[in-house]
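Report on the following structure.
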Amino acid sequence: MADNKPFQWPVRVYYEDTDAQGVVYYANYFRFLERTRTEWLRTLGVDMVALAENERRIFVVAEIQTKFHAPARLSDELIVTARLTNLSRVAFDIEQNIYRDNIDGELLISSHVKAAYLDADTMRPKRMPSSLFGEHRS
Amino acid sequence: MADNKPFQWPVRVYYEDTDAQGVVYYANYFRFLERTRTEWLRTLGVDMVALAENERRIFVVAEIQTKFHAPARLSDELIVTARLTNLSRVAFDIEQNIYRDNIDGELLISSHVKAAYLDADTMRPKRMPSSLFGEHRS
Amino acid sequence: MADNKPFQWPVRVYYEDTDAQGVVYYANYFRFLERTRTEWLRTLGVDMVALAENERRIFVVAEIQTKFHAPARLSDELIVTARLTNLSRVAFDIEQNIYRDNIDGELLISSHVKAAYLDADTMRPKRMPSSLFGEHRS
Amino acid sequence: MADNKPFQWPVRVYYEDTDAQGVVYYANYFRFLERTRTEWLRTLGVDMVALAENERRIFVVAEIQTKFHAPARLSDELIVTARLTNLSRVAFDIEQNIYRDNIDGELLISSHVKAAYLDADTMRPKRMPSSLFGEHRS
């Protein structure tokens, strides 16, 4: 599982993302990471809206470790990645990086994210159906 | 009703509020306006959380006209105002301004906001109970 | 000038854009409008980063009137438009709408925006060079 | 240094902070943490605006590890803490937690933050003057 190719998602930096230091505000990288997780899940066939409305199940970030190597700037084109590194019954771990321009470009952000599968009403962990991430199970 | 004194709420400008132009990002003034409406409603005894959960009623902005006179900067202390200018059965109009330092300071933002009272599920207008804004009715 | 076709830009709604009412938070539509103005200017050949760094010139919103007709929801695909309606020496007016799905879809937001061309250091109006918006001048 | 009492800063949760899951959007906790670092630095006599403008020095987050224990909700009153755990010539480490209601309330977020002192133009590490954090040096 560790050598699967990362999912990639492009992000353009707008004024809304920057701050008075002239670079992307640190909390906004977490928005880019979440957009990319959402699009990665969409490619896996996970419809988070239907999941929340019909099954009352949501994904939430339980832990995240992040290193900020270099700043992104206004108008930069970024590539954000997501790569599954571990999958349990109630959570998954992914590695997410942000690069300038493309995946061979400068590494700006590296992170490890643990996301849990919860009941939306009780916020308690729930077992993920085997149909989720089906192709990644061994 | 037009000469009631405005409600005032202080806002400190943090990095999160600014952008690469070195000033507050224009959309973020609308966050300051909404915080102030929330606090103004709280002083009137309106508990928006209870209203949403128990009555399924929410306030939403229906219209807003805004002029940006001068920019706020990192670390500025702002005063945001709210003053009721009109009240109907299903909506209220308020005037909201943002000043630097205090209400006699530089005028940065002036706005007129129409907020509607809706059913949270159908998003259709609902009649406000007379207990809301009771003291302002004539 | 009034019958020029609007520029269109797609926006996907993510969790970051929504609030506890289950819809897009009202201030975030202004982020969508600004992304679209940026992309519209880019198609006109305006490089805002170079403009700010080399010429110390920036565009800022001076006025905006906005009507919120219907809410956008998580995962919606939106189309945001920009259409020039007036051009003076130091400012331009544009009409910007947000539709669900496509330009023939439900109208969610309508707005009129006046943007001014300023010196980035003094924040005072400056005359736009005729090369900007060249093709729109008559 | 490890048993110094944490700095505390109150934060009220508004609609702007929440998302369609009905709780605070995960990236927004990082805004709360940064507000608190700013206020903590202010109490230590660090004026970040003067530092950036006069000395071209800024603080940036280099690393952050965060655990999300339980969600904050609309209208919650939170207490955010900051406690210095390590200080080098070019960086400091702090522990930051977020509690519901007060510091004896439910722990929602725990984090460890490494912040670096940089030249604002080159984004390279700079030695912090001994006057910064003077009272914490042994």
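Assorted remarks:
The letters A, B, C and D name the chains in turn, as written, and every chain counts its residues from 1.
One rule holds in what follows: a residue touches a chain if its C-beta (ideal position, glycine included) is under 8 Å from a C-beta of that chain, and two chains touch if they have at least 3 such contacts.
Computed from a prediction, not measured in an experiment: that's the story for all the values here.
With centres defined by CA atoms alone, the chain at the far end from chain B is A. At the interface between chain B and chain C, over half of the residue numbers involved are used by both copies, so each side presents largely the same positions. One simple way to say how far apart two chains are is to compare their mean CA positions; for chain B and chain C this gives 23 Å. Distance between chain centres (mean CA atoms), chain A to chain B: 34 Å. With centres taken as mean Cα positions, chain D sits 28 Å from chain B. Of all residues in chain B, those that touch two or more other chains are 15-16, 20-21, 27, 31, 34, 73-74.
Contact residues of chain D toward chain B in the complex are 12, 14-16, 31, 34-35, 38, 47-49, 73-75. Against chain C, the residues of chain B that register as touching in their complex are 20-21, 26-28, 30-31, 34, 52, 58, 60-68, 70-71, 120, 123. Interface of chain C with chain D (complex): residues 15-16, 18-23, 25, 27, 73-74.
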